[in-house]
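Both complexes below contain subunit A, partnered by subunit B and then by subunit C.
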Partner chain A sequence: MANNSNTSNLDSFQKQKNKDEMKKQLISFALMIGFTLIAFAIVASDVISDMFVVPVILLLAVIQVAFQFYYFMHMKDKDHEWPSIMIYGGVWAALLTIAGLVLVVWW
Partner chain B sequence: MSIAATQKKGVGAFIWEYLTTVDHKKIAHLYLVAGGFFFLLGGLEALIIRIQLISPENDFITAGLYNEMITMHGTTMIFFAAMPILLGLMNAVMPLQIGARDVAFPFINSLGFWLFFFGGVMLNVSWFTGAPDAGWTAYAPLSTTSPGHGVDYYILGLQISGAGTLMGGINFLVTIVNMRAPGMTYMRMPLFTWTTFIASTLILFAFPALTVGLFLLMFDRMFGSAFFDVALGGNSIIWQHLFWIFGHPEVYILILPAFGIFSDIFPTFAKKRLFGYTAMVFATVLIAFLGFMVWAHHMFTVGMGPFANSIFAIATMAIAVPTGIKIFNWLLTLWGGSITINSAMLWSLAFIPSFTIGGMTGIMVAASVADYQYHDTYFVIAHFHYVIVGGVVFGILAALHYWWPKMFGRVLNEFMGKLAFWTFFIGFHLTFFIQHFLGLMGMPRRYWVFLEDQGLDTGNYISTIGAFFMTFGVLVFLYNAIYSWVKGEKAPADPWGGRTLEWAIPSPPPFYNFKQLPLVRGLDPLWIEKTEGNGKMTPAEPLGDIHMPNNSIIPFIMSLGFFIAGFGFIYQTDYNAAYILLFGGMAIALGSMLVRSLKDDHGYHITKEELEREAD
Partner chain C sequence: MSHDHSLNPETMPHNPEKATLEGRNKFLGLWFFLGGETVLFASLFGTYLALKNSTAGGVASQDIFGLGLVFLMTMLLLTSSLTSVYAMYHMKNNNFKKMQLWLGVTGLLGLTFLGCEIYEFAHYINDYDFTFRSSAFGSAFYTLVGFHGGHVLFGLCWLTALMIRNAKRGLNLYNAPKFYTFSLYWHFIDVVWVFIFTVVYLMGSVG
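Right, the complex of A and B next:
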């Protein structure tokens, strides 16, 4: 990265890439703010019935987590196989825990 | 550095070096010494338990003290003996096996050790003020209602040391992913490195459940919450789930490294490559994966219902498949090999039948219907001592004999090694085999006394005699360790005809491990060079400057801060003055973090000239 600060052909390519990356980051950031606002709005305004609010918020949350992982934590980029395996392994262990507690303790 | 290393150092400098060290080999020494100390404490507690049970209605210790003994024995052996000794072995060997100069985060490595150490000291301070007495599983509501501060020490001690273990696990993961020598692909890694990797993953995913459980218990006991209080709408079963969601993977955190140790020892002393390497790796991964889906088999009698019990019973039995694959692969590694039998090999050979007995009783207790009979009897005690002593402790002792020359530069005495093995091995089976039958006859675990003429007298007597044999074996090993330090023979670089990278460098290795990183050409890299090359590793890089981290006292001070704060948390319920400890300790810990964050420490370089000056 350090030797990319000179002007050359390679650099214009890198610059374009960085620009695209920045655009994606800003878009996903704006979307996340949007989702958060929607979540607050549907709770505050009573436009959706209470029973429906919970799954909608959970859905928004899942999308936000995906943005977090893939854009902000760069899991969509190359050479992120190990982080992906570990994160999905952790998600798996967490889901098992939640499923176990919900099904066995409260059901 | 090289000049300083050759000079005779004073005791103060020696202690200071170990307090501040970030070198993985020295941290390994610390883990082994501290873990060994706690192992002796736990062993002493076991001996007291067995003396109490030598005869019916014995009154060697009181009932309350007996509860403290069993709690402290279990907690100490699992968290402060077995785990740290294994972490010590991983620290000592794993970076050498992958051809690295240190772990990825030397500072965090040191911090992990000191947190573990202060956690262990914290737990044992409770002996002076009233030890925890709710069993090593600390089931609620027994633990939430236990009077005094015993359980508080348990919570804080485990919380502090658990943070250290978590750091150690993450550190090993990053090290293995990023710091393998050129050519060391994943499927060329020695099995001990593989099992370190998988066990670290288990640490990463399992310890958070314990951390959460301990926090909930801490809030219930110290700050008036009611997570486990049924009267206030809580649910005491949640603790059992959280504890075993951590606790079952913990079993594999302990046994998988031992599997890795045997998988490295058998090929060395059978002079054959490991049979079914790929199957071994995938069996390890499969055990780890299944290990997260079986925790409720510890809770069959809680009343989860036949449906949940069946699922967990079948998942548990599935684990026998990859474990069986491993047992057969070890046998086939030995098959037709040119076998050398020495102390390390004796422990490994004894492991196979001992552990298989433990596995077999494991299938028995996994059958949920039959488990109603076995639950909370000595049958369960016998089962898990067969897997933990017959698997983990045998593994640790095999590893100590095998890697002692590499870690300390001395070879352990063979005669004493064999004496320790035979007495411990006979004592182990004397102690625990009979307990299967005591359990089947209905002797419940954790009871202070048993009555006369119920058919339990002889069995308990034999069991206690066995415990004395084990004690003798441990003392012989201890003497052997000290003897080797004082007058043991100096170890050559490769005393066993080794196959893996750690045997390619001097014993003990120089503080930078590899002068030039080695080029790895396949599985068992050193063996390949011995059979197809000139017997030496080919360097993968020209001789150049080596970047080394600076020593630091900050991990020690930071851990000391948490240690002091721990006492504050425990006693703030009684005395307001304890807030001084609480805030003072946290200030020390957070201040150390601040210093570490703000002060740049770039380490230093060993120059090429300095390396050239040192004779090979």
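Right, the complex of A and C next:
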């Protein structure tokens, strides 16, 4: 390996960078716990009419999953173009699959 | 650079999981696999959504789901997702012992989650006589949730094998991608669970 640019010392700078990254991860964890709590609270408390509960908790789930993908699984970092293509490709096929199955049965 | 891939603080790359071609291939391969898994679970979710009201006169989702246990299971899995982030944090700081410790915590949380799920299924079967064969709702429910539980079980076996096999090797550029791909898989299990607790349990309680 002639290219040595990606190997360097694990110096204090890098350690601090890892630490800062971990702080972001903790914030996203706190937010994910928050979204979960809100979703359960909405359903348990009956404050919103049933018609609105479903889209609201689905939206909360999508936001929480975005945090999981972009922060916990690092899709926000560079070098993640192919992972994004694969996951969004999967999500696209997933939406078609769900729409297909549900529509076939309900209509 | 020598062919010895073991890591020490002087030669530590910033991303040991992607420092070798094999590591980068494993990384891409696992993401490709997760894209496929998304479609697999979508087919099970679609089936469940289509059949959840086909109870054949038996119990319906509102009769059996208890949000307390589901909330506990959600917290267990979400926390185990964070502990595997901690494990990867220590991997990037080349601290093998702490990485193993946090992976161990991740495994224990996953095992507790699985225990709760087995208890939940046993509760439905024994107290409500709600089985895989009760109704189309039953089949769709146990297939979807059981498939996720199967993924947790597979993840636990994978993690145990990784931890034991590499216990004496320490961290190196050969096994860092293996730990990293496991952590991606484990996060994905949590992603699927977010939709299960939302679509199956919360929407099932709304009616």
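Just so we're on the same page, the second predicted complex is superposed on the first by the 95 of 107 C-alpha atoms of A that agree within 3 Å, B and C clash if a C-alpha of one lies under 4 Å from a C-alpha of the other, contacts with A are read in each partner's own complex, and residues count from 1 in each chain.
Note that a contact is a pair of C-beta atoms (placed from the backbone, for glycine too) under 8 Å apart; a residue touches a chain by one contact, two chains touch by 3 or more.
Computed from a prediction, not measured in an experiment: that's the story for all the values here.
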- Item | Touched partner set for A:104, first subunit B, second subunit C, both or neither | both
- Query: Touching A:61 in the superposition: subunit B (first), subunit C (second), both, neither?
  - Reply: second
- Give one of first, second, both or neither to describe whether A:25 is in contact with subunit B, with subunit C, with both, or with none. second
- Task: Using the touch definition from the top, say if A:16 reaches subunit B (first), subunit C (second), both or neither.
- Result: neither
- Task: Figure out whether A:93 sits in contact with subunit B (first) or subunit C (second), or with both, or with neither.
- Result: both
- Query: Who does A:53 touch here: subunit B (first), subunit C (second), both, or neither?
  - Reply: second
- Query: A:36 contacts which: subunit B (first), subunit C (second), both, neither?
  - Reply: second
- Message: After superposing on the shared chain, does subunit C or subunit B touch more subunit A residues?
- Response: C
- Note on the structure: Both subunit B and subunit C touch subunit A at residues 82, 86, 89-90, 93, 97, 100-101, 104-105
- Note which residues of subunit C are touching subunit A in the complex, please. 1, 9-15, 18-19, 27-28, 31-32, 34-39, 41-43, 45-47, 49-51, 67, 71, 74-75, 78, 81-82, 85-86, 89, 92-94, 184, 187-188, 190-191, 194-195, 197-199, 202-203, 205-207
- Which bits of subunit B are touching subunit A when the two form their complex? 173, 177, 201, 204-206, 209, 235, 237-238, 241, 245, 292-293, 295-296, 304, 308
- Note on the structure: So, in the complex, the side of subunit A touching subunit C is made of residues 1, 4, 6-10, 14-15, 18, 21-22, 25-26, 29, 32-33, 36, 39-40, 43-44, 50, 53-54, 57-58, 60-61, 64-65, 68-69, 72-73, 79, 82-83, 86-87, 89-91, 93-95, 97-102, 104-106
- Touch list for subunit A against partner subunit B, complex: 82, 86, 89-90, 92-93, 96-97, 100-101, 103-105
